[in-house]
Every structure is written in structure tokens, then in C-alpha cells.
Amino acid sequence: MAGNTFGKLFAVTTFGESHGPAIGCVVDGCPPGLPLAAEDFRHDLERRATGRTRHTSARREADEVEILSGVYEGLTTGTPIALLVRNTDARSRDYDRIAAQFRPGHADYTYWQKYGIRDPRGGGRASARETTMRVAAGTIARKWLAQRHGVAVRGWLSQLGDVVPAGFDADVIEDNPFFWPHAPQVPELEAYMDALRKSGDSVGARVDVVATSLPPGWGEPVYGKLDGELAGALMSINAVKGVEIGDGFASVAQRGSAHRDPIAPEGFASNHAGGVLGGISTGQPLRCSVAFKPTSSLRLPVDSVDTDGQPVEVVTTGRHDPCVGIRAVPICEAMVALVLMDQALRHRAQCGDVGDVDPRIPARKP
Amino acid sequence: MAGNTFGKLFAVTTFGESHGPAIGCVVDGCPPGLPLAAEDFRHDLERRATGRTRHTSARREADEVEILSGVYEGLTTGTPIALLVRNTDARSRDYDRIAAQFRPGHADYTYWQKYGIRDPRGGGRASARETTMRVAAGTIARKWLAQRHGVAVRGWLSQLGDVVPAGFDADVIEDNPFFWPHAPQVPELEAYMDALRKSGDSVGARVDVVATSLPPGWGEPVYGKLDGELAGALMSINAVKGVEIGDGFASVAQRGSAHRDPIAPEGFASNHAGGVLGGISTGQPLRCSVAFKPTSSLRLPVDSVDTDGQPVEVVTTGRHDPCVGIRAVPICEAMVALVLMDQALRHRAQCGDVGDVDPRIPARKP
Amino acid sequence: MAGNTFGKLFAVTTFGESHGPAIGCVVDGCPPGLPLAAEDFRHDLERRATGRTRHTSARREADEVEILSGVYEGLTTGTPIALLVRNTDARSRDYDRIAAQFRPGHADYTYWQKYGIRDPRGGGRASARETTMRVAAGTIARKWLAQRHGVAVRGWLSQLGDVVPAGFDADVIEDNPFFWPHAPQVPELEAYMDALRKSGDSVGARVDVVATSLPPGWGEPVYGKLDGELAGALMSINAVKGVEIGDGFASVAQRGSAHRDPIAPEGFASNHAGGVLGGISTGQPLRCSVAFKPTSSLRLPVDSVDTDGQPVEVVTTGRHDPCVGIRAVPICEAMVALVLMDQALRHRAQCGDVGDVDPRIPARKP
Amino acid sequence: MAGNTFGKLFAVTTFGESHGPAIGCVVDGCPPGLPLAAEDFRHDLERRATGRTRHTSARREADEVEILSGVYEGLTTGTPIALLVRNTDARSRDYDRIAAQFRPGHADYTYWQKYGIRDPRGGGRASARETTMRVAAGTIARKWLAQRHGVAVRGWLSQLGDVVPAGFDADVIEDNPFFWPHAPQVPELEAYMDALRKSGDSVGARVDVVATSLPPGWGEPVYGKLDGELAGALMSINAVKGVEIGDGFASVAQRGSAHRDPIAPEGFASNHAGGVLGGISTGQPLRCSVAFKPTSSLRLPVDSVDTDGQPVEVVTTGRHDPCVGIRAVPICEAMVALVLMDQALRHRAQCGDVGDVDPRIPARKP
């Protein structure tokens, strides 16, 4: 498949262009019997949506999810769940000018090189609008993970440009438009973003995600490692340039005696590993950190070429996020949830009867 | 598949435990007609091997590759290429003591939790010995990429603990045991490693990899993004805790006006993107950076539990690398090559006739 | 994925229940630049549709295809093509009675056993309505195969109950409601079907499909054999109980000296093989034959049990086909086209440069 | 992957040419804790082997399986199980003459067309020798299926040329070299085969396979149907030209009232379906029938061309089976077992908790 399906057993296939008639997805492999309704998608999609505050793009999509299949009398049936969201606020005229130009830092040039053709309206398939369906599919995964295993996936902004949180309070993250874990800094961030928007420029961000209550044993060595798949999933989000698990790049300067997490009968004494050893979950919180580049859609002009190879000056006037990382928090959470859901099913497939088969296998809890 | 196959079209399936009879791999999907002989594997495997200098593990494996299939009269035939390497220097007695203990920072505990059983000898399947076959398979990919597209993949150590290169000379990388790009620092590194080894501790490292002469157009949006698959591939290497593409985490504090790479008729003016936009290669050099944690196999004791959940003090006395990142350079190169090879075939499958089908598709070179 | 995606590179994911809001599919991996419009689907869907003659189910669906994505200015873009068809003539009340009963010969019982839940309206996901999207996706494959390689895929009814064609004229197949290759027999078939319908019973059928102008070389030994994938694809159609390639079961009683097809400089002298040797196309016409069982939805009562395991007498009163094999002709054609399309891309991926790489590989045409 | 891997979760990758150094396979995804030893493979491989009676090819391979990985202290560990069999009785000189000729009815011509190169020795990868590893991998599947679910897979010859069994006694199948279910006919078959061998010709055969004690619920609608995957698996065996499930092609002339299997509280009243409805197992015995063509390797001359396209007369003098269908019995059984094993794991992945999640799902047994 040409890259539009995510997951091996809980498989999400997304489709749709930014300014086409609709976006949607098909979720195949969902266990039957999970309660699911259109309202379930509202909360996460609202968190991801543009147009809710002045700090994100002004595009205001209704994002009403229609469930087309796979649910009967409020329960999933085990058949594919198709979700559809009509595009309602596409303003394609914004893109007329750039149809024959390549915007630096965008996929315009590479789609052109790959396919020989591209839909220039709103970035087409390369638009962040595609991530709507990641969040929608992630909602199903989160419901199952929570109901079946008590797993919770939680993200926040851990850096905005060069600003880092001066404290951490999980309870305030959802109460401010920045998913910021330290409330007193919010006015500072508001001012920062207002100035940025006025300047016509953009800035990068860092998002942290933690998943808790994972059972140990999820993840497939060698190439299906839990951390490997997380890295692949998170790096597949638009604008991501780096991924860390646990201590990440800080590990480079660490000593092994400091990095390894001692084990006591009551559990691990620290979590430098970030909840994964040998590609398999330890049962500790799973910790990821993700770098988002600053968006390239700016009012500030930049040199480029057109489709004839002639030099042009590109100015982007559509509605764009000055910091795409902010809205990316629920997207990162969704991708983590999708990886976990898929690995949970894969683990059950191969190891669902560990302990039952042969008396020589001892009980697993140390 | 339970995680032991890498790639969709150029598919590498590896097998083998550190102290089992052999390790090996099956490479399926290789284009026919590629010259291939057992000698081709020697160079890269030698670069990855332990026991060549005092700075790596003392285990000395012959690493003689036997080609079991898929090559006829010196050319690949398009059928699966099976490679076999017998294990010759396994000293399993080193591991008797730890068979019933969980080494902190190792996969011991998680394999036990997942499978209810594990081969404790030398880390079993979780051993870095598995990466031998990544390098071997990567050799085939590198040959094809070089012959067919002129692509070269080159890596080096860009940080050892807290030491960073004071200069960069590509020509010296292969002339020192650290893959270090600045020759004058080599004595310093020798002393650093000697002291480390004496201390019984270990340290992390950072590896950079660059691939050059890629054509634009490789990579599959959305979930098959070139950078996404690179991140997944590199994070699947033992001990990796972080991956960056292009400017990576430095992008977080950058402005969009600085990050985006202007385009001129003669090409891109900079390469903050690291050779990928929208998940597709731009034709610029592909830049990755990888964080390796310090190995956890230390002579220094650490608290842990045994398989009965009782507290124990673990001391690892086998032969181990004080810095696994050093030998990881050819492994990282191999994983990059495997991703590129697979994407090259996938691109040819879908877009092999771009430009031929419809006159409305203009020529692709800007 | 839980069985709702067909194909490795030209991947079709279908969704939807018979009486749900809609059915649809996502076609991922289509080469860019193929002209495609909603009208393209009309012809094949009309051939498959019910309600056109008295010999098929009376359900009359508009089957208007909406293209939701993947097409820009009339050309495919290489991104996923999503197709949507709203269900308009679902009469779910027909099924109220059987919601708690298992219809013998249907998937009712097995879905219940597998999922613990099922959508009983019109057979839910197990309805032949799903095949609408196979035909739609097949239309895209047929367009590309015809345009790019001149391949044509053509089917007909080769047996209806115990009636076999008394002659063969390809030109009349599309001119009668039975896809029957011998026009003089059509009145006989009309009478046969009228009597059958009156009796309340149903009958089986055999469908033959031939694909012409295939290049030699398509198909992947060993498990991806062209004939193996055709068999899997055709057997995946509802009600199929047997598949033959070439001489099929007649080969059992043949001698090798009669079965093998001699080769002359101008080509093969016969085609017992049906166009495939060693799983790879020979370039001769590809010949398949498919057995359809008689549908089990009858007015005639039959013993069964309900969901409490109590005995019941089941009478099916919905609108059903007395011979599902008739409408299956375009479905079989579609599945053959999907297999060929996928294999064409897979072949191009691995062998797209055969002949270019090494001078030791001679030209391929004998 | 280029067609050398079978299965999605219990994934078998085979490699090796008929006259290369070795053949082998990697079985990935096997549940941990299954007892496994090299001796386990002996029985089924012996049943498949040539050279045991005068009615099969005279090639006599030791077929000693070496387990290279994935087993520790007699139990599978969940890591890939690699199996290796060295080729010991390859007589490549037999094939010198035909290296530049295409044997009619063989894969010679199509491999040449596809790859531009082929290993002509003994048919290379297209040799039936590859099926050794299907049988070996099938042995693992059969062990797990039997131990975990009590499933037994049993095959026999149900037609040899135009001879059909005059009775059926399951107990005699393994007691004669033809896997024939009616002992009194064995002398007749001996004479039949002796005459055939003397004539230099070959004949086709039909193999029936039944699997018993399957639980209901295995199989994935729509494209992963149990019968669809069985058809694909069986048609992937060398020389197979047709596959039937249940009543197969006999269904064509049946009435629906006769074909559908009534259900009573104590179970199904008949089994025309062959144990599958809607692609999912019913719990009844699974019934398949497979057509094998007569082998094309004959001493009798036949017209063909050489690699320069010049006419030649081909005579095959290597050691060949006059009826490949005889030895195919254990191969068919193996493919059925591999399909069942894979589907068992896939079912557990998605539906492993059916009945646990929501009280609205009633108990499943009718």
C-alpha cells in the first residue's frame, strides 16, 4: 500500500485532500463489542481543531464525524469502521497564485517530483487536515485501551520556541489554549504568540506524550519494537523533525551506571528507559518527546521557483498556524494510542496463551 | 509477522540468537541481475565487528557469510537470498549466573514478561549480534543503490559521551577505530575510552548518517514517509533512544523564516529539512542523527530481582562494549540503506511511468 | 488488517453494510496521471446491479459513485482514491424476523460465533452488496491495464444449473441478461429462470473469465503466484466454492504429454496451462473458471436454530437472486483485474530494470 | 515481499533452490512455549520425500532438519524459528542440456521472461523441492493446532488419473505408497504406475484434505476469508490447477434447497458448505479438494525453443515423479495447517475477548 494505511492489525487507512469534498478513514480490525458513537469523536477533534483561538489557523471546520459502517446498535461489530468528515470551510482561491509555484519548506516540490501532478489547494493531501482522521481513529483506540487495559495517553507542550515550562501541573494542561503544563506562564505565551503572529513568522515546538498503565510485554522485537514503531508513527506527523524515547538525546552524555533503571521487588527505581526495554514495554509509563519545526507558510517572502523552473518570490496568504506544534498535542497522543492498540492486538495474537501451554513456563510476575 | 521482517518490497527477515548455532537472514525482493558474492559482505561486517580494537567487546566472531540461495553464477536471480553466519565464539558459561536474574537496562525482564520464556545466553535474540544481519542485508541494498542510482550512505560518530568533533574531515572517518571525523582528537578518545573501560562504566554516543545522490521523489506520504520510516528503522536498532532528521530538535527554537530552505533554479539554498519534505526526498543529502544510550552491561553492581521476584545484586561479567554507539555506525548506515532501497522499489512500482501516461503531466524538473 | 483490504501495492479497502448508510472503498497505490471520472464506474456497476431484469433481486440501488479524493482536474494524483455509494433502497424491515435466527447456508451463524454480535439487516457486511465496491475498484484497474498494457478482462456464464452453452460467440455476451455466449439459448434460459423463481428455489452457476494481452512475467513465485492469487481472489467472492486455472480439474485425468503446451518460435501451440507457468504469466490468455453455489435465501422453509439454540423454521422473504452467479460475471472480472493490476506494479517494482543492469543478462524475447 | 513469505501472523519465509547448497525457512510469529525438536519434522518430511518407492522420483535427499534459532531447551521462545536442510543428492549435470532450452509446461520460460536470468539446475526455485519447507513449517503449525485446539489435518489421494477410490477407510491411507483410502485397489495402482513409468508419460491426480475439530469463528471476511486463503494457499503449490471447498463445482448444478445445510440444536445436518460460511469456519469438518496436473518432465520429446528463440526438441532425462500428486498429500495438509494456524492467531488478535467486554453481547453458543 502506498503509505496511507497505518497499523498491522488495527489498521487505519485515511484519505482526502485539504480542499476536496471530504476526508475520512477506514478502521479495520477493531475488536467487536466496543461502544462507539459519533459524539465520541467530538472532544479530541475539538482539541485538534483550528479556529478555536487566535493562536491557530482561522480555518473553522465543523469536523462532524459520520460513522458510515462497522457500528450496529451502538457497538462495534468487528467489520470496518468508516468515518467521514465533509470539508466545509475550504477557501481554494487562496491557493490560485501558488498552484504553479513551489513553496519552500512544503511538500509542493516533492509531490510534483514524485507524482508529476499535485492538488495545490491547501496543500492537498500533504495538508495537516489529514491529521483530523488520525485523531478520530485514535479516539477509537483510546476508548478500547482505556476500557480494556486502563491505559491513558496524555500529551502537553513542553517547549514553545525557546520557552520551556517553569513547572508541571497535569491538571492545567487542558485549561489553556497551549496545552501548557504551567498556568502562570500562559499570559507570557499569549504575548509571545501575538508578537509572532504580527511578525508574520512562525516558530517550532516540542510535545511530550506519556502513556500510563501499560501492561509489560507489548512490542515486537526486532523490527516491530514498540519504540521503533512509536518513532515511525510520530515522525510521520507533518512537520516533525525528531523523536525521543525516555531520556532520548540526553542519554548520549550519560554513563551506563546512571542510565540503567534498577529493579526492586516493588518495581523499577527510575525510568530513564521511558518504559521500553528491548522494544517491549516494561509496564512503566511510556515517555516520548517530539520536535515540530516552524511552519513554512509565512507572509514573509522567500525565493523559490515555479513549475517551469523560473525564479519567483513566494508569499503565502492562506490561513495558517504560527506554531503547528500547539495543535499537534492531540495528534501525537493519537499516534501513540494507535501504536499501542496495534501492539496490544499483536501481542494477544502471539502470546495470548502464555502461561497456559506448558508447565515448564513459570508464572511471569517477578 | 512478529517483527522480524523489515521492508515491504525489499524485505529482510533475520533470525538467530547470540549463542545459538547461527544467525542469518533472508532478503526477498532483490532485483535480479545484481552481481553478488560472499566477499561483498566482508568490508561492512568487519567495520561492525567486535574484537578488532580494545574499545569494543572482546568477542571475536569470524562472521563468514555463506550465501545459501538466490545467486546464480555471480548474479542475483530475483529469488530470496539467504545468508548464514555460524556463531563460533559464543561463551555461554558467562551467562549461567544471570539466567534467573533480570539485568537492569536489558531486555531480560521484558522478554520474560512477553514470552514467559527466554534464551538468556548472551541476550539471546535481543543481543546486538542480530545487527550483523542488518549490516549484511544493507550491503546488498548499498550495492544496488550505488550501481543503479549512485546513492552513497556514509556515517560517523558525532558525539562520544560529552566529546564532540572539533572539525570535520570525511576522509579520516574510516582511518580510526571511532569513525571519528577529526583525526587530531583520536588520542583523546583513546584515553577517554581506556579510562572508561577501567572504571567499569559505559557511555552513550551520537551517530550521524548522510545519504547523497538520492533522486527526488522517494518516500510515500502519509504513513510511509521517508523520514517516518527512517525514524522507525533507526529506533529499531538496539540502544537507540532518539532520532533526528535534518535540524531535528534544533528546529523547535527556530523561526520559520530561518528554517525553510529557499529554492533557486540551480537548487536549494540550504538544507534544514535534511533532504525530506512531506515525507518525500528532495534530492538534497538526507541527514539523520541517532542517539545511543550507554550499555547497561557493567561490572558495576546494580539492584535487581530474580525470576522469583527476590532482590539480587547483578554484576555483568561477559564481554561487552563500553560504548555500543561506536560499532553502530555501519548499522545505522545499513538501516538507512534498507529504507532507501525499499522506497526506491515502492516508488518505481507506483510512479515508474510518471511522465509517460498523459500529455497533461508536464516534465518534472523545475 | 482484518481482511477488508485486497492487494499489496494497488490496495483496495472496502467498507459498508448492506443496510447501513453507505458502502465505499479506498484505493491506495494507483499510479498518478490516470484519467478518472464518476462516469467511468457506471457501465460495470450497471452490469452488476440488481433490479435490472426479473432474473435478479428486485432491490434497485442507484449506485451513484462519488469520488471523494485522489483525483484532481480529472486525473489521479497518486493519493488514495475514496469512492462512496449511498444505500438508498434498503428495506430493513424484511429482516426483523430473522435477526434472532440463523439462516442455513448464510454467514449469520459464523459472524455470531466470531464476533458475538452481527448486523442482521440484509446480511450486513456479508451481503453481496459489498461486491459493488470490488467492481468499482476493478474499473480503475481495468482502465490502467487497458491503457498501459492493452489488457482486456472478459467474463461470461459458462453454466447455469445443468445448462451449458451450445456455442460460443463473444459478441452476444453483453446483449442478454445472462452474460450467455450463445444467443439461441436465451429463451430457454428465460424459461428456466422463470420456473426456478416460481418454485422458490435457486441454482448454482459457473463463470469463466479470460484476460488477454498480458505481458509474460507477471506473478510472484512462490506464495505470490499469479494463479494462487487469482484463486484466493475469486474464492473470496460470496458463494464461490471452486476455482480452476486453465484445464483445472480436467488435468487430473490428463497425460503429461497431452497437457504440456509445446512452444514454437511463433508462440505456444496450445494453452492447457491457462496462461500461467510456475505462477508467472506466459503471455497467453489467462483462463479462470469459477463455481457459484445456489443462494440459500429461499422462500422454501428450512430447519435451523435461533440465538438461544432453540429449533426454528426459517423462511426468507427478502429480495434475493435465484442465481447469484449471473450477476457475478462483472465481479469475477473485477477480481481478476485487481490481481493483475497489483501484480503489474509488483513486477515493475522488482524487475522494472531487467535487461538494464548487467550485460550478462541477455534479451528476454525467445 | 516478492512472494516468498506465507501468512500474516504465523509467517513462513522459505528460500533455496533445488540444486543450491541448501533450502530452508524462517517461521516468525510462533507462540512461545511449544515443545519442538528436530525429530518432529521427520515423519511429515518422510511422507513427502522422493526416493522411498519406485513410484516417485529417484532423488534421495536426507532431509535432515537443523533448527538454527527460536528454540531454547526444547521450547519455542517466540523468536523466529529458522530451519535448514542441506541439499545432498543434487545431480546438476542432468540439467546441462536444458540450461538454454525452455521445457514446455515448466517455469523455465516464465522465469526467464520475468527475471532475465534463471538457475536451470533442477528447476531452481520453481522445483517441488521448495515444498519441503512448506511441510516442515506445517509441522509446527500442526503441533500447535493439535495441542491447543485438538485440530487434525488429514489428506489422501482421491483420484489418480481416471482411477477413483472404490471405498473409503481412513485407517489404510498411511499404509500404502499412494495415500489411497481403499486398500484392495493398491495392486491395481501399482500396476497402473508401473505401466505409466514405462511409457515415459505422467498423469494428474486429485488430493482431498479434511481438517477436523476446528472451532467456529476462524476466518476473516471479506478478503481474508478462510476458504479464500485456503484456495490461494493450495493453488500456490506447484502443479495445482484447481481447488474446491465443500461441494465445489458440483454446487453449480445443485438447487439451493439441497445445498444449504440445515441446523439443529445438536449441530448441522449436512456439510455441503465444507465447514465454511461467509468465509468463517462453522465448526464442521473443513473439506478441500485439489487438482494436480500431470508433470511436464517427460522422456517423451516435445517441441520448444531455446533462449535464442530457435526451435528445439526437448527430452527431460532427470529424475522425476510420474505423478506429482501422490507426494502432494502432505504438502496440501501443510498448506491447510498453515492457513488455519495463521487464522487462529488473527482471530485471537481481534476477537480474543469476545464475550468479556460488554454485557449486551450474549453468549455465543446457539
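Each chain gets a letter, A, B, C and D, in the order it is written, and its residues are counted from 1.
The rule is short, and it goes like this: contacts are C-beta pairs under 8 Å (C-beta built on N, C-alpha and C of every residue); 3 or more make two chains touch, one makes a residue touch a chain.
Here the structure is a predicted model, which means the values were calculated and not measured.
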Chain whose mean Cα position lies farthest from chain B: C
Higher-contact pair (C-beta pairs counted), B-D versus A-D: B-D
Chain pair repeating A-C, as identified from B-D, C-D or A-B when over half of the contact pairs by residue number coincide: B-D
Distance between the centres, which are taken as Cα means, of chain B and chain A, whole angstrom: 25
Where chain A and chain D are represented by their mean Cα positions, the distance between them in whole Å: 44
Centre-to-centre distance between chain D and chain B (centres being mean Cα positions), rounded to whole Å: 38
Overlap residues in chain C, where contacts from two or more other chains coincide: 1-5, 8-9, 14, 29-30, 32-33, 75, 78-79, 114-117, 125, 221, 346, 350-351, 354, 360-361
Of all residues in chain C, those that touch chain A in their complex: 1-5, 7-9, 11, 13-17, 20-24, 26, 28-30, 32-33, 66, 68-70, 72, 75, 77-82, 84, 114-119, 124-125
Of all residues in chain B, those that touch chain C in their complex: 8-9, 29-35, 73, 75, 78-79, 147-148, 221, 345-346, 348-354, 357-358, 360-361
Residue numbers on chain D that touch chain C, as the complex places them: 1-6, 14, 102, 104-107, 109-117, 125-126, 130, 159, 161-162, 201-206, 216-225, 227-236, 238, 240-249, 251-265, 269, 272-274, 276-283, 291-298, 300, 302-311, 325, 346-347, 350-351, 354-355, 361-362, 364-366
